Amino acid sequence: MPIIHVRLFEGRSTDQKRAFAEAVTQDAVRLLGCTPESVDIIYTDMAKSDWATGGKLWSDPKPG
Amino acid sequence: MPIIHVRLFEGRSTDQKRAFAEAVTQDAVRLLGCTPESVDIIYTDMAKSDWATGGKLWSDPKPG
Amino acid sequence: MPIIHVRLFEGRSTDQKRAFAEAVTQDAVRLLGCTPESVDIIYTDMAKSDWATGGKLWSDPKPG
Amino acid sequence: MPIIHVRLFEGRSTDQKRAFAEAVTQDAVRLLGCTPESVDIIYTDMAKSDWATGGKLWSDPKPG
Amino acid sequence: MPIIHVRLFEGRSTDQKRAFAEAVTQDAVRLLGCTPESVDIIYTDMAKSDWATGGKLWSDPKPG
Amino acid sequence: MPIIHVRLFEGRSTDQKRAFAEAVTQDAVRLLGCTPESVDIIYTDMAKSDWATGGKLWSDPKPG
């Protein structure tokens, strides 16, 4: 504990994921009172065609 | 809010996902009292070899 | 298939959840080519103190 | 019910997933009082570069 | 790894959850090649009014 | 995007969740290139009797 699941658009590099996992693990240790070893962080990359907000897929052109 | 996660077998087209996202967003506005912009819909495509019902993978032939 | 998970703020009634489940199931039949029996819809009610956007819990007063 | 979601490192074969789904379904019938048909098991394969424990991606070399 | 999330109707006892967790962990060791310590099993209890199949909440009376 | 789901043992205060959400949102802005408004963080509190590691519920006494 904790298990932290991060769902984000594809395109972030492994370096970005590594840096974010380090930072969030340190936040969890400092603010939630966990040991570092107990923190699992999991990434799911999403295609923009698999995410809609306001009824519009992010892969579709914005009106305007 | 809300976040709506749809897990379905791979094979649906982007057009189907777009139409379903539009319909579900309208349902949420009408029935749950959300603004459209607050509705996120996320798709996860599943291979039939990654889903079992009754102990049988959907990729395996059905008995009979 | 599909499994549809709806995460929303607590406070919606069972009548609202029933109506939304009916509507979304009909959408799935019409637009995704499912049988009605294959559609599972699952609700998770969220406290506003368990959801942050822009780094602010929804239970906290908005600035302004 | 139940829906059982299994998140594991990529590399397990379909034969392993089939055998695990059969075993877990039998456990659910025996221990949770379900019918076999009511048990859904879903797999998500994870790349080691998408999972961090203790702030370290599993794809990175271990110190030592 | 693996993380196994079990979503089931409320009403199962802690004894049932303990027994199921033991059995599934042994299955994972035997069939997926994990160490026991690497297996996390997480339960989410669901109210029948928060789950619909075929557009019907499980808390509603069945027709017939 | 992103949606960050944090599953942790119950017992953390709202103040801890607020501080962690602020920190993680800043990490996401700095390291993943998001706007703050695009970051959703969601907490699920878990009872120790709903989480097993190595086949043992966390609510059970440790051997030794």
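Here the chain labels run A, B, C, D, E and F in written order, and each chain numbers its own residues starting at 1.
The rule is short, and it goes like this: a residue touches a chain if its C-beta (ideal position, glycine included) is under 8 Å from a C-beta of that chain, and two chains touch if they have at least 3 such contacts.
A quick note: this is a predicted structure, and the numbers were derived from the prediction, not measured.
Identification of common neighbours of subunit B and subunit C yields D, F. Put simply, the chain farthest from subunit C by mean CA position is D. Per-chain Cα centroids separate subunit A from subunit C by 21 Å.
One finds 25 Å separating the Cα centroids of subunit A and subunit E. The set of subunit F residues that touch two or more partner chains comprises 3, 7, 40, 42, 46, 51. If you sketch which chains touch which, the pattern fits none of the simple shapes: not an open path, not a single ring, not a star, and not all-to-all. By the touch criterion stated above, subunit C contacts subunit D in their complex at residues 3, 40, 42.
Residue ranges on subunit C touching subunit E, taken from their complex, read 14, 17-18, 21-22, 25-26, 36-37, 39-45.
On the subunit F side of its complex with subunit E, the touching residues are 7, 46, 49-57, 59-60.
Interface of subunit E with subunit D (complex): residues 1-9, 12, 16, 19-20, 23-24, 27-28, 30-33, 46, 51, 58.
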